[in-house]
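Some structures to go through are shown next.
Both complexes shown next keep chain A, but they swap its partner, so chain B is in the first and chain C is in the second.
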Partner chain A sequence: MKRHLKILLPSLLLFGALNGCAYTSAVSLTNIPAQRDKPVEVSVKRWIFLGFNFDNDQVNEIIPKLKEKCPNGSVRGILTKDLTKAYFLAFIWARETIAKGYCVTSKSVAMDEDFPSDGTEYAAMIEGEDQ
Partner chain B sequence: MRISWTIGLQSLLLLSLQSCAVLHRVQLSDVENSKGGEPLSIKASETTVDFREAGSILKAIGKSKSGAQGAGDLADTYAALFQYGPRTGTPVFNDEYARNLAQELFEKCKGGHLSNIISVRETRSYPVIKGEIVRIDAICTERK
Partner chain C sequence: MILRTLFLLSLTACQTVTSISVSQLPSTKKRTNEISASASSPIILYIPFGTDFIDDARSQLIAQCPSPRRIEGVLSKQVTTNYFLTLIMKDEVQFTAYCSGGKETASEKKKKG
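After this line comes the complex of A and B, so read on.
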């Protein structure tokens, strides 16, 4: 019995230490494109020990990482999840931001040279296409 | 003995002057991979006082029935009465500090297209004093 306990207790402790509680701080979503055949996902993580964290510069890496995954297009329909994971009595925290989207290779509408600057002209253009 | 006191005080001062960065939220817009464009960053911040933390510190350093204990209780009561409810970071006294962020973005990118917008809500945390920050980074591309 004692021998079993000697194995069981450290195993339980190890299991507890490796497990974390996850908290979702925020979720946001942008417009979802019709072209959804190339999903992309990136994440940035910062390990924080005893709450000591001196900057949040990891978030600046998200956009370059997304660009890297979709070099010839733009990423649309981005679902951003902000998570905090607390491990072993909250001595160690992991602050993670995950961004999932779709790589769309068509030209950006906003940067289109033919795209009219006036909203009313754009509405008229759409109306003309419908007829 | 005097040297160790000096080192201790200096370490305490150094620790209290250091700030921790707390990340609350990150929000992304669609990401364009167009070439060029000028990166821009704007920030709005508001300094505030964490009454709960002040109360805890005063209570910890003060003996029972001392002035510090009384001040700690007062700070706690103030926070309980006026700063209840859901919050992100520490409550501030000016709720309009981030109101002009969009306007500032437009002014920094007149006639241009703003893309790759990343909005970050964070806190600079000093003992008792907190800096509540909203930061927006974007790419401004001039229209052809």
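After this line comes the complex of A and C, so read on.
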């Protein structure tokens, strides 16, 4: 029995240490478009040892990465998840930001009644609301 | 007495808003069909069980407003609820939005009467 425990306990501890506990720090969701056939997803990650972290510049990479995934359109309906993952009894952390959205082509953006290509319909809509 | 008080206190859940965001609101005329979705995941003894529940909440919201309709004015709220002196927690995400554009679905028309 003791022999089994000697193997089981360190195994459990190692398993627990290697598996990162993911805590959600922030969530946001933007307007979801009608065209949802091209989902895009990007993520950025930073490893933090013993809590030492001096900047959050990795988050800025999200936008260029999204642009790369959708070069000929705009990204709408972005769900952003900011996660903190703790490994090895929280001695090592991973700060991960995941952004999931939909790539909308220029043509359908122009067809979108709220965001027409020349802005005239939008102006008319605002004017109509004021009256 | 103290133990009883502590026990009673541990039963009451304390809620904390972790994050909040609002996206662009649609025009007044389009704010008729409000939709909402939420999902949660437990955190037991500080051990969470994934973050996929957030994606589930988004899927629930999308299911209520199928294409070609759009989801606008999204209020995202992330709430943490503590139970039993934070030994058990609940991580919850709530989305409230307006479904606009396109043609109304049969259920929406029925809702409006």
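Criterion: the second predicted complex is superposed on the first by the 105 of 131 C-alpha atoms of A that agree within 3 Å, B and C clash if a C-alpha of one lies under 4 Å from a C-alpha of the other, contacts with A are read in each partner's own complex, and residues count from 1 in each chain.
Just so it is clear, a residue touches a chain if its C-beta (ideal position, glycine included) is under 8 Å from a C-beta of that chain, and two chains touch if they have at least 3 such contacts.
If you're wondering where the values come from, they're calculated on a predicted model, not measured in any experiment.
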Next on the checklist: Taking the superposition on A as described, I'd like to know which of chain B and chain C A:83 touches: first, second, both or neither.
Outcome noted: second
When the two structures are overlaid on chain A, which partner does A:51 contact: first (chain B), second (chain C), both, or neither? first
Given the touch rule stated above, what does A:26 touch, chain B (first), chain C (second), both, or neither? both
Between chain B and chain C, more residues of chain A are touched by B
Overlap of the chain B and chain C interfaces on chain A comprises residues 25-26, 28, 30-31, 77, 82, 113
In the complex, chain A touches chain B at residues 25-26, 28, 30-31, 46, 51-56, 59-60, 62-63, 66-67, 70-78, 80, 82, 95, 97, 99, 101, 108, 110-111, 113, 117
The chain B residues in contact with chain A across the complex are 18-34, 113, 115-116, 118, 120, 122, 137, 141, 143-144
Chain C residues touching chain A in their complex are 18-19, 21, 23-24, 26-29, 43, 46-48, 50-51, 54-55, 58, 61-62, 65, 67-74, 76, 78, 91, 93, 95, 97, 101-102
Listed in rising order, the residues of chain A that touch chain C in the complex are 21-36, 77, 79, 81-83, 100, 112-114, 125-126, 129
